[in-house]
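Reading through the structure tokens given below for one structure.
All chains are identified by letter, namely A, B, C, D, E, F, G and H, in their written order; residue positions are counted from 1 within each chain.
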Amino acid sequence: MIFNKHDKLVMIGDSITDTERKRPLGEGRNDATGKGYVTAVSALINSVYPELSLRIINMGISGNTVRSLKERWQTDVVDLQPDWVSIMIGINDVWRQYDQPVIKETHVYLEEYKSTLSELIQITKPLVKGIILMTPFYIEPNAGDCMRRTMDEYGAAVKEIAALHQTRFVDIQAAFQPVLEHTYPAELAWDRVHPNMTGHMVIARAFLNEVGFDWNKR
Amino acid sequence: MIFNKHDKLVMIGDSITDTERKRPLGEGRNDATGKGYVTAVSALINSVYPELSLRIINMGISGNTVRSLKERWQTDVVDLQPDWVSIMIGINDVWRQYDQPVIKETHVYLEEYKSTLSELIQITKPLVKGIILMTPFYIEPNAGDCMRRTMDEYGAAVKEIAALHQTRFVDIQAAFQPVLEHTYPAELAWDRVHPNMTGHMVIARAFLNEVGFDWNKR
Amino acid sequence: MIFNKHDKLVMIGDSITDTERKRPLGEGRNDATGKGYVTAVSALINSVYPELSLRIINMGISGNTVRSLKERWQTDVVDLQPDWVSIMIGINDVWRQYDQPVIKETHVYLEEYKSTLSELIQITKPLVKGIILMTPFYIEPNAGDCMRRTMDEYGAAVKEIAALHQTRFVDIQAAFQPVLEHTYPAELAWDRVHPNMTGHMVIARAFLNEVGFDWNKR
Amino acid sequence: MIFNKHDKLVMIGDSITDTERKRPLGEGRNDATGKGYVTAVSALINSVYPELSLRIINMGISGNTVRSLKERWQTDVVDLQPDWVSIMIGINDVWRQYDQPVIKETHVYLEEYKSTLSELIQITKPLVKGIILMTPFYIEPNAGDCMRRTMDEYGAAVKEIAALHQTRFVDIQAAFQPVLEHTYPAELAWDRVHPNMTGHMVIARAFLNEVGFDWNKR
Amino acid sequence: MIFNKHDKLVMIGDSITDTERKRPLGEGRNDATGKGYVTAVSALINSVYPELSLRIINMGISGNTVRSLKERWQTDVVDLQPDWVSIMIGINDVWRQYDQPVIKETHVYLEEYKSTLSELIQITKPLVKGIILMTPFYIEPNAGDCMRRTMDEYGAAVKEIAALHQTRFVDIQAAFQPVLEHTYPAELAWDRVHPNMTGHMVIARAFLNEVGFDWNKR
Amino acid sequence: MIFNKHDKLVMIGDSITDTERKRPLGEGRNDATGKGYVTAVSALINSVYPELSLRIINMGISGNTVRSLKERWQTDVVDLQPDWVSIMIGINDVWRQYDQPVIKETHVYLEEYKSTLSELIQITKPLVKGIILMTPFYIEPNAGDCMRRTMDEYGAAVKEIAALHQTRFVDIQAAFQPVLEHTYPAELAWDRVHPNMTGHMVIARAFLNEVGFDWNKR
Amino acid sequence: MIFNKHDKLVMIGDSITDTERKRPLGEGRNDATGKGYVTAVSALINSVYPELSLRIINMGISGNTVRSLKERWQTDVVDLQPDWVSIMIGINDVWRQYDQPVIKETHVYLEEYKSTLSELIQITKPLVKGIILMTPFYIEPNAGDCMRRTMDEYGAAVKEIAALHQTRFVDIQAAFQPVLEHTYPAELAWDRVHPNMTGHMVIARAFLNEVGFDWNKR
Amino acid sequence: MIFNKHDKLVMIGDSITDTERKRPLGEGRNDATGKGYVTAVSALINSVYPELSLRIINMGISGNTVRSLKERWQTDVVDLQPDWVSIMIGINDVWRQYDQPVIKETHVYLEEYKSTLSELIQITKPLVKGIILMTPFYIEPNAGDCMRRTMDEYGAAVKEIAALHQTRFVDIQAAFQPVLEHTYPAELAWDRVHPNMTGHMVIARAFLNEVGFDWNKR
């Protein structure tokens, strides 16, 4: 696994990350890391690699777009002096274009999304050991659905940025694909966005595979 | 993995199993399987083996002893016609002897524990494809601690019963051992009994290893 | 309009009808008819035809299937001695097959749906001035979606039954079609099932058109 | 209808408008536009004219008088840059004179009402495509009632101002007249001020008739 | 005053009497007699005639009609073995005819009102020292209002019954008259039915005048 | 009665006055004047002298001493520009000496009490038509009780100050005397300080007698 | 101390005993024995005599009189098979005569008190190792107070009964005497009945002195 | 006893001291001193030495370390001008090292602990009559437990500092020793840190023995 003893990992994003984490910092006792993939990642690493004493901090905030991340990047990422940062953002950037199309000031279009995300990576790259970029996703198997198509464009943008800045990259949308072959979206997420624990485990597993987690350790 | 398509698995036990599951049946949307190892097991199986359409029902009830299980065995296990049953019981049987020693009617001593558990296995064996017995546990690394010693006796009894009735067996106490070499109990469970998600993942992984879960599938 | 002075109309169904109506009877002051299409229908009729003194009772119950309606038909419809009955049922009959496919006892398949609905119509026809049957619906524009396809089959069954028993018929799924040409489902209903007031107004308007409501009256 | 594609309509007023709308802006998902005539207007326009993508924002605040509107006009109307503004104000200006006559600083007498409302119209007229003025109302059929008489004076003032500034005008008090011929006030509004959905539909229909809504469209 | 030392007075009625009294018996410490005229009567008698040790029990229940009183007369009046009984009933009997005219089973028309009230008097007369009948009332000064006219008919019926059975009689509607000459109804009662403390004091004073309370005692 | 049409009366004090009044001003609809003697006074005046349109504002604050009154006198009395002011203060000044004798900074001893109260009277006298001073009281009939003795000293001080500055004066302690001859303190006030409505009526009657209220008016 | 290893002590009474204990049995973790003298007794015995493993069960119920005790004596005392029983009852028997004198059915007069208490002692004596009778008390230093005088009569009755049946006896009223010489009642108990922890410690110490507790043990 | 009439004692510490005390000052009526050893100390002193009128203020705050005490020492100790100060601190300084080892900024290591505590003593010594230092403790009988060993080091540091500065000293860890010989930790404190009342009484007794409390007084 890419993490070293005592490394600090900050995981930032929107409601998929947040999942009712503790404020101001999502770490410590009693569900402090929330009820989603961050806690699944933390539980798997801490139960399999207890000797690493990894420090994981959930900094997700519900409703955030990449524009929101930029506003709080200094205090919520840089000031925490992490060794590693994971980012999953973009769902709200897209969703607002479809669930409240007339409220245009809440939309973050592709250009702004790409330039802002790139800017955050550039700021952060020199300060950390590594960055893990994850695509936003939409639990909609119909490739012709217009919101799914837009989400895929944002996912492709994340892939480009990861390649350009040579960060690690996890394609979450792709990770959902095999599950959706057997599972109707309504079983995973009532609104096709906020998954149940099965969906969060899909995310956690994709993340852990990217960081070299050894599932058969011990 | 030992489970077949459309199999039904009932997981029964005490508060470690319960974890605020839905009543009367711990299955369905929205945390219906609780917040502990049952949900971790369910999330891992459903995300890795979605083609199995496994049905998992959490029937744990906080505070239960093996005496409580006997009282509700017909309605809460037999009537559900499961293909598989997992049982983790005994923590309260032991704990009450130590946290309220003067209230003796709440204690379940070893003889009653063994005979009752055996009786439940005998009733159930002919009705199901298989039973998975899990030991109770105490997150106390000091082998000389008196409550830990008693818990180990109950765990040994589970092992005997599993061997006698040829059921599957998971040693949860043993599964905690490598984690406790690096982790102080207070980090896993404030009362050394109710674990955080890391502790629940220890249980889930031990269970999944016993049932042949393939961690590297897909 | 088909209703006469002092007629009593009972509107029954599932959560789309219920919308937090009063118990045991959904009529009277303060949101007693709920927050959905029943209240929109009532408000439009009472503001445009106040001279009719129509009595509208909302008898929807969230989560109901046609099987649930049958169980409470005597007390919740027949005993109320209505002049008119409207029925919109079937969404949960279908939805449970997709959002909890392993819990099969909660599914109501097409055969049972058709025979049960027919039975209710046969019982009720002789007792009332008329019945208004409405199709269940799914706010999913993709005709290839499997749950939408199933819902369409149930809608077709309603149409058949209406024709066979010569009741009035409203195709709610069809009523949503023109709106969905301009509106993404997430704007109307977060889960593609429970609409906002715009969606409820679509239902109310389709219903009122069928019963001969004169929009330009006065 | 007078509205064009993508037009923004701000509807401002007192508790009749507010009806528990979202703060700070009454727009978006989940009852954000409240539970009254604004939502009825919005639901009717969005279900019949979905192609317009009209943006409707409820800016009503319970308890407001025209004096309150003036204090927040810049932030709550001008800064939102609406294309259209609807105003229904005056009920509290009158009511306080009758339900707490000794607390005179809460009263807004006719002179202040007229001059303030005129001032708001003058400020706003050049900034928007159009203004819809609605009269305040009192659900009291007795023309000799002293509070009804005062309310009628305020309504007449609205009519004068509308004529003077050539804005659109809706006589809400008049719209209630035919309904009150068949309906006792207590059925519409327990306090003769805050109507149920039937009363709100009376307001919505009067408003929509003025703006050229085609009830038989599609 | 007509009451003797240690007399027990039961005061029964609807919400005007109830005013959140204690259940099952409205007597004792801490607002047990409610927040209305019963408490005002009790406070005035106990502060001016402490030597009487009068026992006053509030048995009002919100929403009651004379039909409701009949159903509970045995347990709530007769079984308490009062020396005196006061009755104020009829507001809901009338109000339901006006605020929910279509729900006819909730109306109590004049014939039933008169016969039921007479029956209760006949049963009770031989068991007590005296009965005080109070008219229902409506805080509506417009004598031409239809609900006020109906209420006056019910009040007249109370007067007749009082005369026929020779009970004491208090005309509450008349007691409100001089106050309404100076006070608009909205100041006394938002819905013209449930008065504030000023309105309750009007009732209490009218009651006390009838029973011979000496305002200048001591 | 000493009050004229449209006079404004501010009643200030401690918890006996406060009784959960509205903030910041204790006037208006719905228990705004609290649940004690202020409301009793208001209800009696408004029901008997409705033509006066008297404005009564309750400015009591629980826990206040004369020291607290001084701190808020400008904003809570002077700025309101009353025609009349009533003051009942001193209970906490004394009580704290007996219920928390070691917390001496909460005690207000007699010298400070007298000088502060005098100062407030001197400031206010020129600004108003009149002042009504009421003694603090203790519902303890045993004249030898030490707290009662102290309270009597404070009451005597009020009497002196009233005489000195020629204000109106009400001896509340004396008003309780005849009631206490027939009533045990526990029936009036569980803590011998906060009376039930009977006790508040004793205060209200003593106040009204002083201001010339005509109990037999109309 | 009179207690032996593993003895079970049931302490029964009214609100002074109850103090929010757990239901149905007042024993176990987390304030199960309440917040009063029972918990003080338990904490002192368990911290000083841990080797005794004494089992203490709080069976007090707020509002109880000796009449209430009789009704539940079989289930709440006899069925628990205690070795020792302590009883403190009588406060409500007396108090109700003074705080609600007109509600006579709630009073328990001296004759009934004596005969009922005697009866309970006679039933229980043969079943237990010993009984500890405690007097009711009133934190009122004025010996001339009428309620205090009555309480003293009930206390004297307890003393007689204790002597007659040769039970242990604790004079709680007397135990308060030296504290009341330095402390005003309001500091110990706002209503002179329900003491703060200082008052409960007075009771606990008096009880422990009677049962031979060695304060200087260890 | 070392305390004199009217002395003021401030007791400061962490959650063991706090126990839900009142803010900002933990003194006065109704559990103001919390539910732990401070209240036990206060109740014992006030019931046995009422003539002293000792003033005890609980200034504990949950979660505090010695670093937290330093930050609030001026306002929470010095400004209160106590005659005596008791300090029990260090549990969180140690515990955080074991229950959240990766969050290092929350740990207070031994050096900082000693120097900070010494500094507080030096500041305070000249201002007061005396200081009572109490050791932190851990209800863990296994001397080999790593957290217990660390706690013992902190306790030893307290002893050193007490000796160096000649303050009074109470070894709380030692006081628990005899109880732990008969009692399993889970019976005293579910998390081995926050004791039940028995544990708090152990602390109170150790404290009172040090200050010369005469258990057999009176």
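Some observations on this one:
The working rule: a residue touches a chain if its C-beta (ideal position, glycine included) is under 8 Å from a C-beta of that chain, and two chains touch if they have at least 3 such contacts.
Worth saying up front: this structure is predicted, and the values here are computed from it rather than measured.
Across D-E and A-B, it is A-B that has more C-beta pairs touching.
The pair from E-F, A-D or F-G that reproduces the interface of B-H, where over half of the contact pairs by residue number are the same, turns out to be F-G.
For the pair chain D and chain H, the distance between C-alpha centroids works out to 64 Å. Computed from the mean C-alpha positions, the centre of chain C lies at a distance of 45 Å from the centre of chain E. Averaging C-alpha coordinates per chain places the centre of chain G 32 Å away from that of chain H. Of all residues in chain C, those touching 2 or more other chains are 29, 53, 99-101, 190, listed in ascending order.
Here chain G touches chain F in the complex through residues 95, 98-101, 142, 144-147, 184, 186-187, 190-191, going by the rule given at the top. Across the complex, chain C is touched by residues 29-30, 35, 39-40, 42-44, 46-48, 50-51, 53, 178-179, 181-183, 190, 196-202, 205, 215-216, 218 of chain D. Within the complex formed with chain F, the chain D residues making contact are 99-103. Touching chain D in their complex are the following residues of chain F: 6, 27-29, 53-55.
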